[in-house]
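In the two assemblies presented below, subunit A is common to both, partnered first by subunit B and then by subunit C.
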Partner chain A sequence: MSRGRGRRYDCIVVGGGHNGLVCATYLARGGRSVLLLEAAERLGGAAVTREFAPGFSVSACAHLLHLMPPALRRELDLARHGLALAGDDVPTTALDADGRHLTYGPRDLSGLRARAAADAESYATWQAQLRRLAGALHPVLSATPPRLGTGTWRDRARLLGLGLGVRRLGRTDMRELLRIGAMCVHDLLEERFGLPLLKGALALDAVLGTNLGPRSPGTVMSLLYRAAATRGAEVLQQPRGGLGALSAALAGAARAAGVEIRTGAAVERIAVREDRAAGVVLASGEEIAAATVVSNADPKTTFLKLLGSEHLDAGFVRRVAQLRARGVAAKLHLALDRLPEFPALGAAALRGRLLVAPSSDYIERAYNHSKYGEFSAAPMLEVTVPSAADPQLAPRGAHVMSVIVQYAPHTIAGGWDAQRERFTAAVVDTLAAYAPGLRASIRATELLTPADIERQFRISGGHWHHAELALDQFFMVRPVAGAAQYHAPVRGLFLCGAGCHPGGGVMGLAGRNAARQVLREAA
Partner chain B sequence: MLTESEPHYRQPLRKTPFHERARAVSQLDSFVPWSGYTTVDVFTSVEQEYFAIRNASSLYDLTPMVKYRVAGPDALRFLNRLMTRDMRKLTPGKVAYTVWCNDEGHLIDDGTVFCLAQNEYRVCTAEWQLDWFRASAIGFDVELREITEEVAALAVQGPTSCRLLRLAGLAGIERLKPFEHGEFQLRPDPASGRAALPVMVSRTGFTGDLGYELWMQPQDAEAVWDALMEVGRTRAVRPIGSRALNIARIEAGFILPKADFVSAEHTLYLGTERSPLELGLAWLVDFHKGHFTGRRALLEEQRRGPRRLLVGLDVEGTKPAHNALLYSARSGRREAGSVTSATWSPTCKRNLALALVDAPYSATGSLLWADIYLNRELVWERRMVRACVVERPFFAAARRRATPPADY
Partner chain C sequence: MGSKQHDAIVVGAGHNGLVAACYLARAGLKVLVLERNAYVGGAAVSRSLYEGFTYSNCSYVCSLLRTEIIRGLDLAQHGLQIIPYEGGCTMMRTGEHLAIYDNHDAMRRELARHSRHDAEAYDRYVRDMLRHCRFIKPLLLRAPPDPTSFKPRDIRELLFLGRHFGKLGEARMYDTLRFFTMSCADMLDEYFESEIVKAHLAGSSIIGTALGPRSPGSAYVLLHHYMGSIDGAVGAWGFARGGMGAITQALAASLTASGGSIRASAPVAQILVRHGRATGVVLGSGEEISAPVVVSNLDVRRTFLETVAPEHLPGEFLQQVRRFKIRGSSGKLNIALDGLPHFPAIPPGSPCTRGDMHITDTLEMVERAYDDWKEGRWSRAPYVDMLIPTQIDPTMTPDGKHYMSVFVQYCPYQLAEGEWTATRRQAFGNTVIDAIARHSPNFKDLILHAEIRTPRDIENEVGLTEGNIFQGELTFDQLLFNRPIPGYAQYRAPLKGMYMCGSSTHPGGGVMGAPGANAAHAILRDLGRMQ
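Let's look at the complex of A and B:
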């Protein structure tokens, strides 16, 4: 039945983002013949390193690696496939307008202790509790969510295991988990901390990459999500060569496992025969047959564009269409002719991340604008200077600055073409308040709005989790009921991207979970 | 007509374009609400009206039927994915009775689809469907519009209905076959100076008899009514209300929403939804036409076998078995189902019922027992009577399908 190159594969993975690569590797290791198709010329999806000005390269979207569980990296043997770190366990610095910056890391609280001893104590207590909760929650992230009401032993066992894991926390922690699980992070931080600068920094971690503000319900969940991914041992790392180097290592692992990879091969649609996924049709018209198709594309793209409503039930399509997936994280890249200078900030801090989030209210105010299709003149920023630790990213003596900016609405009043310059200026102005000489050192800029991210990386809504990370789109209902166990309603079609449980953030668990599900179901 | 000035909850039920004519001939002034309209329940007596359906001609105002226009490049693809039947077989000039289901394969509603032209359809339903149709339209280039108020509808049913329409000037009506529709002209009226009126006619109906449904512009409604009453003056033509129609539709074995099933969009209790397989409508479900909403769930149900089935019952005695519980034995120890619709059939001279019974008791010939409550001059009595599962329809006259129909 196959045409084109004529070969029929056990599995075709549509999309070579990190989850697609992880999934393909596990499928190949499970004995399947696997073809991975990537529309772009290079692998990695949004986890790529790109030259944005002559001699200046930067991670296009995420710029730090912090969620991928160590066990997954070991299983994939990423170090052997070339993953090296330019920075490991890098510090976080919350920038202060008055120059009283706060540098801290999970294991280094000296700066915080000197500034606010009580907060340092609370922080240690909170981290310890977070680690305990994360230990119970990690298994939730690393397995297929159970379905309710099926009566099968696997679903029952998983629910029981989840309950037992939470019960084993003991009464105090279990109560706290149930209490804070659906809370907003602002209230949680108010309970525990005093220093606005610290609360701003911790709130940033809860809302980064989400279309939520610190006062949005469920933002504690996104903190727990971050903690659970790494069992509470989250460290910030900077891969040598940027996030693209991670993708290269993942691709190396995939090839070593026997995955056949084709880039520049855009899938136009998923072929369906007899109500079963039968392969894919490329934009070139080439048809490739496979028993199983696994899509790394986001749920809306997969179901509404690649598959098409006519192969799905109307109620399911309505749920997919209503999935909230509007990104608000923009990316600004600056090519600088020298290392930026932040008065009162040591050189070591520049190898870590710098946060412009002086208080939780500051973030909430920035968020307010995005609700109405505007941007704030005082945005929330996560800044790195990757070239400080990895000189190959910029010409000698020059540097690159990588800034995640929130909140940039996907659809902006007046259109992004008209607002692009103003937005860039607002971010540079905000930075210049902390680094006065910055503006004069800028040689080139690149701005990626959510609309750009949507177009360039083929992500509906330009949301880096593919679907908002919120309680109503989490676990057993992620992305939507009817597709939460990685398999689509159409037999032979699976999802493996960030839109599935547990979600995105360069974590890789969705890809591994999906592969295990495919290996179980499609024997 | 809904107006901007009054909120909808302050507005009375709407009046159909036939309302003034109906009111003028109604002896009982008995109106009931139907989809936001007020319509006649009984004009004079249920029995007289019923016999107009079976022995002469009846006029029934079905304007409140909810009507949608479905058009656009993907109209056929949209309908084929929405409906359980293969809509590709529906060509211009044809009408199809069909049902549609939700993802779980539970019935949302039944209705008729008129193919007006390629990719241009009219869908007539018992209840409002815009929400579901819009959800079903995601991914299809199709325009959906409710046109209930824009189209007046009148059913003309009975053995002399063809003759009646011919007398009113609808030339060629005798060639219209069941489930076809066409454009016809009502003869001009020189007395009043009225010009000829265009009327769309379909050979469809809810009586199981020879009959037609007339679709016209609201401003033409009274003229059409007047013309039919005039030519029918010596032919025992009668306007009928919904109660007489209900007897005829049970005889014909047709199901009615809210009586024989509740739309899956409206059920509140789990397990009260019904599938087309349970309702004996498997013949409407085409598993081979490609995907449609509910197909996977229905395939699974078909594999498992439906747990209950809608059947026809012939009940002992003459008392309609309204709401009766059914038992597998006279002892009344094991419940086997319940009656959804019941009537004494004046034409079949049988005590008929439609009932949902558990699958093991659904075979034709199965003997069940119906628990009937009788009110004998204010004294209630309970009777356990035989109820035998029989073939449907109970009433199937050859004249229903004869083309041309007999010329009375």
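Let's look at the complex of A and C:
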């Protein structure tokens, strides 16, 4: 076969999203020759900063950093490669229709104490317990999931380790973990708190990024998952320059490790020779050989498009086809000609995130619509005004508003083209109820629906986490049973993205875990 | 004060209480069952609420009653006869229908009428469901282990569970894990494509439950309703001849035959405790009856929040009891009919009206019915489980007349608009009757009498908190070693000599008898009286 540049690499990483970059870096540090191929002109996947209106830039999807473990950032030396923070430990404000907003942070419960002393007490207790539970679960995120029933010492050791980690919590915490692990967050919040505004805010954290409502069993798990990433630290940060700056720093670390990076190089398919991965073929026709191929693309794209079902057994293909990956979050970007005014809200709050989730029931109602291919006129929102702390994102005096909206079904009755305007209007109307002058200050808008995210970032279904985060698509069965240890059923092919354990969010652990697995296994 | 000494008192003559009492009596204990109502049976009763008609006015069909219990307690000798019913159907508003046949080939042909793909998938579905049934069956008559304990019994039980799970083999283990954590809708999507098929099958995932078919964990509830059997036919359902009361009447007869006794119209006001031990009970009349073993068939909230003085129980335990979720989500209509209603959607001569009938077009309709419940309303388009047992059982009504049992999801215990008044109850009943009438033009004309039961009515009559038929939600946080309270999932209360035997305990509700049998087992073990 033609050799293109004539070089054969040890590893090709398909896709330069944050997990791909992390994976490539660890592979290179492990002594492999690595080529990373990204179809877009820019690295970062959905973790990019883009100009959506002249002079106005915004993080395309996630707009805050909070799941990437500090240890991982240190290992990758991201600070040296340019990652700086415009905001660190920023507060959360739960917006209230009557203007009695609740601002709180992991270390600042004064607002909560003033509003509902009993809840503040409960919250402190809950945080402490969450940290303990998260501490026990954190090692699970950083390890390849064990396989069941293999009888190998490694799998047995992993399962035993998991069991012991849980046991070491002690009787009370262990019982609570076993009890709440698969519970719905609505019930958990009802047990512990009274203030609807607080319950709404915490429920938002549990359902953000999931296709579930607060009353769906499994939503406590997503809360535990978030907490486990940082051992319960829950510190929100805003990178200077948006999430694109994180990706740039990751790229810097990758290059420093010796990874060769090519952008604008779309991979058309993964080459298979004698039942093993042999490299990739680009859309341009160029073929590049490698002993190992690691895909940062989502599992459906990887297996059904890049690899092709002819290389997989029918049962596996069916499981991948049935993998649920329907995007559910939309992003609305507003270019504003002035700072939005939320009456009764101080400047510090605007540098954090604002939540429109006045109660758990409110969120459940928004969720109800999504089950039927509809959207709610009262959506759940996570809002940031990144330009407040990072003025470079907008012209002087002007501002950017970045809004994560749930629930926006991937396939909407009537089609998104027909519904975009109404949807945008519904979000703006919801915001305007809290910030009266907002509409008048809007100069431009950009709406990214799950369908847009699918197209622009090449993610099947437009789901930010590559596959829905649900109990039956988690841990030992993520993305599917038989491919939960990063290697595909085809030798030499691996996955390293959010569709693998531990899952989505800008975390980077999937990438690191996958690299470690490759280094352990592949020649 | 005081009656003759009993070895054990069972509070509540529901089916589990009677089962527990039977096993204790057979082991030689002198057992007394105390029942608040004038009749025994709890929610498994046949009541004549309209002249000449017998209603199974709460539970209405039988499948889950463990064969081991039927045989072990000689219930057939004591008059219990369960007639399997054939068929069933779901009718659509378009006039189309899906008929259910016991015969596998007939069922495939019927499915093929709607979707070839689904007819093919049906074999796989049944095979997988049977595998899940086989997996869960051995766990029903075993006490759950305490995973935090180092006691040999718990370690052994954990090892047993581990090995039992391991025997599935790697691929099947993942399938099982997924099945137990999925929503019914997602699970069915992996087999079937046609809405009517999915809507029909999804019904079992919501019966008695405050979940919708899209709620993770509802696939388990479907299994819970599938795992019964009659005469070895797994998944079969049947009618108890004479109504559901026949089951508890047979249990009562079996109990008396073993030397046990029952007192009806004897409400227990309190369980007596001294020095951390249960010593007996005091009735509403003030009469005290002593016994070293007291077994409560009441749900866990009624037991510990109403029948035991709080100073005897650990504060944290009480807090956990208060947290135990018992949510009313079901209503019931019991209807006396002057004849058999005509359902035009069903071809004449078809046996499928002799089974469970439903009126749903799509899974979405069922999920929307759940959305209504979340808002504190009864469902505008309710899901119904309708049966006319008198087509097979002639003993319940006069000749030519019929009794229809209608189980309804969803109906809230507490309405958002206020209390359940007679007007609102009637409005709820009308919603259901109107829905059925849309599929049966002569239905309303045939109605002689309709008893409408909201969760509150069920609670008042039967003593089930919020009218929840399982004595507590069947969600992961309340199953197995979490049921009813982590650390108290082995039938023992935090007081010496006191036990729980109702559906609030493993393996949960439905007319199963397993909680009662397991509780008796635990009691006998504690007494050193194992058989």
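Things to note:
Criterion: the second predicted complex is superposed on the first by the 521 of 523 C-alpha atoms of A that agree within 3 Å, B and C clash if a C-alpha of one lies under 4 Å from a C-alpha of the other, contacts with A are read in each partner's own complex, and residues count from 1 in each chain.
The definition used in the following text is that a residue touches a chain if its C-beta (ideal position, glycine included) is under 8 Å from a C-beta of that chain, and two chains touch if they have at least 3 such contacts.
For clarity, every value in this text was computed on a predicted model and none was experimentally measured.
Of the two partner chains placed by superposition, only subunit B is touched by A:Asp275; subunit C is not. Contacts of A:Gly258 after superposition on the shared chain: neither subunit B nor subunit C is touched. Once the two complexes are overlaid on the shared chain, A:Ser309 sits against subunit B while remaining clear of subunit C. In the superposed model, more residues of subunit A are touched by C than by the other of subunit B and subunit C.
By the touch criterion defined above, A:Thr150 reaches subunit C but does not reach subunit B. Look at A:Val317: by the touch rule set out above, it reaches subunit B but stays clear of subunit C. By the document's definition of touching, of the two partners only subunit C reaches A:Asn368; subunit B does not.
Subunit A residues in contact with subunit B (one complex) as well as with subunit C (other complex) are 482. Of all the residues in subunit A, the ones that touch subunit B in their complex are 275, 304, 308-318, 321, 482, 489. Residues 77, 81-82, 102-103, 132, 135-136, 138-140, 290-291, 293-296 of subunit B are the ones touching subunit A in the complex. By the touch criterion given at the top, residues 147-150, 167, 171, 174-176, 178-184, 187, 191, 212, 215-218, 322, 324, 361, 364, 368, 371-372, 470-472, 476-477, 481-482 of subunit A touch subunit C in their complex.
In the complex of the two chains, the subunit C residues touching subunit A come out as 147-148, 166, 168-171, 173-175, 177-179, 181-182, 186, 189-190, 211, 214-217, 323, 325, 364, 367-368, 371, 374, 475-477, 481-482, 486-487.
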